[in-house]
């Protein structure tokens, strides 16, 4: 009896596949793109604030720089920040979730309380405060997003761990003398991957929204290109009404990034639990 | 009164306490001298010294903490660098505008969201549900400034139907104030409603699905109550509870949306204030903004939880 | 005969959730004063209904649970409270084969990794090649092909998975193997294959078994001696043939009469016990079996009988034999 592998089932999920393709394109553009396109800086050669044309596919900004190049470099920033935020969240959230789910001490209740508080209080004003104080940079933003994202991840890891800990193969591992660490970080981790991956895609998606919001408010790293930052420049200088492309293209990039990651997450989630929707 | 109210109040106070403590620690422990964060360098050295003492920046940390809490209870949130006025009075003026915007948006979102969620749950699997599902995915991916801008661009700039910004037309006759505010509020409100409708519908739908599965629905149907009546009376009552709970969740999230929306429409609330404060590096204002917003959200959550408790026969108030 | 394992005065009570805070906390009396010996090279069958505590007994011996009271001795040493390194070493002496072939193997590990993992964890070998060889050797021993080590559990049938579980348990060269309902989840035709495998392995490797099951036919096939448990208490212990020829305890009698296996003693007809099995939260006073016993006397209702050796190696806990044998 051969079960369908995950990939086989996932490939049937239309929305999930769209998400996967979209994410792959974005990753390709953001990682490989900057090698083909020069970093826009200084003053551009083209006329400032011109609309999309043959030379400048997406138009130019107030400094005459090519918007298309800015978008590509912005993709790299978005990927960098959201991936870093995910790593921060994973670094804190997964061990805490595993330990509290497996050892079942008081830590579990503590994690729940922290998660609830993080979900109740408005986090954006706090992130704004922190970013403003420390000074905006890629590192700050990534860490701040990750720090607010780990409680939810920890909770998911903990709940999955609680379920998996009951399985007989975990008991077998204990009886065989497998060390606790291996049980948690190998046996359990391998079996909770599903929900964890889903949450990771969600973090990737919301990280970009948060990062774009922070950049839009003027708290982005001034040394890199970011989609939110492009918007901020346009709004601040009042170009937004005249040069619609300076608003539409970066904003559309943001939304597409978020939508694709969300679709990917939904696809994975529904492939793992077919009962959750239909 | 009841045990639940007391517990819930305690929980709210604890949450506020945690939020405030985090703020305290962030400012004091961040790299750099906290003085620069709390006291403007444009003040005269004497004034600066007075402020420094009132914050207790020369004292050990735990003493600073008590000073901080004491000031908080007095309503003292520090002094704005830029406005040269107390943070509390500045925010006080602007808070009402933000609450007005958020409150109205929340109200409309619930008004539209609940029925849509119910329909989506009932029509599970069918075309309408699928359409709503796709819409929800797009909805949760909305980048607020973009939506705000698009609405502003089309309705105010191109079509000139609504005002460009602000909360009301300045110098207007007081009798027409209400209408003016409404017309200024339409677009920002619409932005928030569209943004948060998706999550509301999603949670309402899931809440309804859980409820519809329960046995008593089957029993009611077996008794011969008409299908429609079953849906709306039995299920609705109990599904309202998760929705109201979710509303509480979203109040916190809506703050983020409100901050972003206000900046696009120049709505004179806390959001625009934050934006300006960031530009001017007015840290006390930013700190005060967070504390005030956190407090507002906690209070609103408290109210919604109490409403839930009142509706739910299982919880003894 | 060398005694490998001794269980003395073993008690295990499980607290019931929620009852902890009331003035009268309730417990599930899983095991009550269990004494047991295990001799080298034998297969001791432990049989009883569900709720008899037989699995709990196995789990305490293997240290998945802690006893509430009592001790377990292995080769003379007290192993009930081992911790750390000594506990880890103890694992190499005694292992377990689990009941559910679909749940006892990690679905994300290849069969080869699952078998090799304990050996790696206990640093049995130093080179990858040695581990690979040992793994393949184990697979062969349980009747599977070495090439299967790169496959995943879901590629195998229930019976094959049990074989893998056995191979894994044997990877540490244990002296004792506890089989906790190891064939109960298998089809009848497969059961006999696995039982024969157990026997073959026992001869080949010089193992000692504790075989826990509820099916008397299975226990009869594989055991040398049999221990009968009822509601956490030992009711009868005897060598196999004696148990079936001359069983003394009424409970044993009812078990045997219910079993489809033909016995050498002429049966008077199927004995059906009256009543339901009592709750282990509130076990009956006196003899635990008295509420369902068809030979119940007045004495049984108030006084619990002691476990007495009626004949050499044959123990019974029943008032019917109060005047016989040594206590």
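As written, the chains take the letters A, B and C, and residue 1 is the first residue of each chain.
The criterion applied here is as follows: a residue touches a chain if its C-beta (ideal position, glycine included) is under 8 Å from a C-beta of that chain, and two chains touch if they have at least 3 such contacts.
Just so it is clear, the model here is predicted, and its values are computed rather than measured.
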| item | value |
| --- | --- |
| Touch-based graph of the chains, sorted into line, ring, star, complete or other | line |
| Chain at the geometric heart of the assembly (C-alpha centres) | A |
| Distance-maximising chain from chain A - centres being C-alpha averages | C |
| Centroid spacing, where centroids are CA-atom means, of chain A and chain C in whole angstrom | 51 |
| Geometric centre distance via CA averages, chain C-chain B, whole Å | 60 |
| Whole-Å separation of chain centres (CA-atom averages), chain A against chain B | 23 |
| Complex interface listing, chain A residues touching chain B | 15, 117, 119-126, 128-130, 132-134, 205, 209, 212-213, 216-219, 231, 235, 240-241, 244, 247-248, 251-252, 254-255, 258-259, 262-263, 266, 277-278 |
| In the complex with chain C, residue positions of chain A that touch it | 1-3, 167-169, 171-179, 182, 187, 190-191 |
| Partner chain A, residues of chain B touching it in the complex | 15, 18-19, 22-23, 26-27, 30-32, 37, 124-125, 133-134, 137-138, 140-146, 149, 153, 157, 248-249, 252-253, 255-256, 259-260, 263-264, 274-275, 278-279, 281, 283, 286-287, 289-290, 293-294, 297-298, 301 |
| Footprint of chain A on chain C - complex, ascending | 62-64, 87-88, 91-92, 95-96, 98-100, 103-109, 117-118, 121-122, 154-155, 165, 168-169, 172 |
